[in-house]
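Following: one structure in structure tokens, then a few remarks.
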Amino acid sequence: MSASTRESKLVFQTLNVRREAAVLFVEISAPPMNLEGPELVGDLVSLIQQSEVDDTVQVLVFKSADPDYFISHVDVTRIKENRDAAARLNGDPSIGQLYRHLSASRLVSIAQIEGRVRGVGSEFILACDMRFAARESAIFGQFEPSFGVIPGAGGAQHLTRLMGRGRALEVMLSAQDYDADLAAAYGWINRALPAAELNDFVRSLALRIAGFPAMGHAVVKERVNAIALPTVEDIRRDSDLFLEGARTDEFQELTQAAMKGGFQTRNGEMDLARLVGEINEHRTE
Amino acid sequence: MSASTRESKLVFQTLNVRREAAVLFVEISAPPMNLEGPELVGDLVSLIQQSEVDDTVQVLVFKSADPDYFISHVDVTRIKENRDAAARLNGDPSIGQLYRHLSASRLVSIAQIEGRVRGVGSEFILACDMRFAARESAIFGQFEPSFGVIPGAGGAQHLTRLMGRGRALEVMLSAQDYDADLAAAYGWINRALPAAELNDFVRSLALRIAGFPAMGHAVVKERVNAIALPTVEDIRRDSDLFLEGARTDEFQELTQAAMKGGFQTRNGEMDLARLVGEINEHRTE
Amino acid sequence: MSASTRESKLVFQTLNVRREAAVLFVEISAPPMNLEGPELVGDLVSLIQQSEVDDTVQVLVFKSADPDYFISHVDVTRIKENRDAAARLNGDPSIGQLYRHLSASRLVSIAQIEGRVRGVGSEFILACDMRFAARESAIFGQFEPSFGVIPGAGGAQHLTRLMGRGRALEVMLSAQDYDADLAAAYGWINRALPAAELNDFVRSLALRIAGFPAMGHAVVKERVNAIALPTVEDIRRDSDLFLEGARTDEFQELTQAAMKGGFQTRNGEMDLARLVGEINEHRTE
């Protein structure tokens, strides 16, 4: 298969893909705010499938076309569709298993983060092999517990292993926003960098890694994953618990209150930490 | 049971409890230096028992009435009494199991630390779900190995999981004092904050968490604990090893030498790291 | 056995040993660049064997006689001889098992790092119980994946446990050099200190620990290792995978290209991160 044939297949609804050497630079573009719906899930499935069988691809770099939102979070109105889209990869209707597949892949994945990345977006970058963020603009949140549920796609698994029990509990139970410096101090990301340097840093790193022998990538990932990657069962259990919680009246009521307050809108989520606090204040009064 | 009835039961020898919304603010007050003796252990047992059955309580915040000592450490003259007091919770005569019960509880626990917190005090904050400390005044020590014994209530378990093998070995084998910034860098605590901001920060965080759905607290704690909480067996083994060590002549001799040097006195423990160094210098001459 | 008899046995080809109280200060001196060959491996075996049976020794401090190189890495031309030398300890022909033996020993080991420490050198300091480095001069690298292989002596095991999945993958897959501040932020080392303070800091710490009861060292190490020390099987598997990779044509070709570029020379390895990038650029053109 020629390179041009391969290129021509990499056309997506929500991803702009540019190739350089053995690196695919993948820009997430799902206006108006990079919510994760079935189009983005489906595109991620296709991208991973096509890249894995193409041995001229070694590294995937993920960034966002939207300076304010990397991936905002799951589209809560389309959870069922998302699961159907994810199931196309290996039959398991779970975003968490899709993400875990990426973590376990021979492909090296790097997240280059500007703007907000919360909920299932945070879980996506946690599934990537490395995470670098713009000090001035990146904002992190794993806010699902403010709706009474556990993160459904591996967030609790990764956060606990990366930052330990105390900080993982704080991050999730507080449902707060975290800036890049604090995220780096906690181990949520590898490093916070000045926004002006981020793109060059990640590009150089990706090209460097892509130039090294593929057999090294595979064996290192296999051995690191054997220690630190959550098991399929752990991911499945969290997913089940999330779905269980999402069926409760309490979750449904909070979601409706949040929608009225601006949830799933660009403006409404600029300060999501405040929004989830307010809907819960209302609830307990 | 009415709120006022509940309030009236929360009267303790060594704890001052104030309630706000679904948060209990618990001030440890066991003059002259917040040594952990059977009164404090017994009060912690009662507090936990009463709070767990009261579903209007979601969060416990622990702070100290003494600006110099949060919990100094166990009263070494009353280890047997402490164990009897701890056994009231579930029959296991072990401070470590009492602490682990708190970690595993649906209640969210937050330590707000000013002053010295060493030995079994450090193990208490490690069992809490989150730890925030005053940059100017908090001092941390897990100094048991300077008496030839392992921390008896889970300290080695938590420190190793939070900060990794190298730093956990350093902290325990050196028996040094650590300030809040270094404790944060090592992962011993979540964050060091300016003393002037600490109380407001923790109060806001506690009230925020308490306002979120209880079902979220429970499921997040369950899944995080499944990864990062030491097992009952691990806690028991450390407790047994501590008791074994505490029965040796070497431990007894060091304890007596320490008592002569000011151990278990306010003044003598202001610089405990120096004190434990001196009694061992004497020993090896 | 008298102290003088013991002293007289501590004569090595590549180590200068000085004793103070219960501490052995061990200076690595294998000119021209502290490559790890069979002489150094054999000396480490002898040092560990002799120290373990001498109950007047409690702590080993490792430093380097060469300000630019602590341990540069394995001498790739002598891997078979190194394995034979390591096998003298307990029959297992593996540097990783030699290192693991040190980690599991009752002896407390401290690495005092100035200059470059890469590859099997990084794995050595990771096997030590604690690691302190000079902020101005220490440089860390775990660059084996740039030759297509996994670190063969436990590096992947320790790095993953110390710094988590994302940073461990970055460190190994990037094959970059890391300075002491970044190494400390990532948890590779305990702390970075000003070079002018490093020696006094480590000497004081070593003497302090050596003055505490030996039974405390042993029980703390046993319990921490039960949580955080890689198993014998994990070390063996990495070693096997390294040897498998090192037999490939790709590894051999890269090694030969590196040799032409200055690999295993003092000058050539001052900027090894650049060198391994260049040989791979050449390869993929």
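When the chains are written out, they are named A, B and C in that same order, and each has its own residue count from 1.
One rule holds in what follows: a contact is a pair of C-beta atoms (placed from the backbone, for glycine too) under 8 Å apart; a residue touches a chain by one contact, two chains touch by 3 or more.
Note that the structure is a prediction, hence the values are computed from the model and not measured.
Homomeric contact chain A/chain C: same residue numbering on both sides for under half of the interface positions. It takes 120 degrees of rotation, in steps of 5, to superpose the Cα atoms of chain B onto those of chain C. Note: centroid distance chain A to chain C, computed from Cα atoms, is 36 Å.
Multi-chain contact residues of chain C (touching two or more other chains) are listed as 161, 163. Those residues of chain C lying in contact with chain B across their complex are 21-22, 108, 128-131, 158, 161-163, 184, 187, 189-190, 205, 208-209, 211-217, 219-221, 223-225, 227-229. Taken together, the chain C residues at the contact with chain A in this complex read 144-150, 156-157, 160-161, 163-170, 172-176, 185, 237-238, 241, 245, 248, 250-251, 254, 277, 280-281, 283-284.
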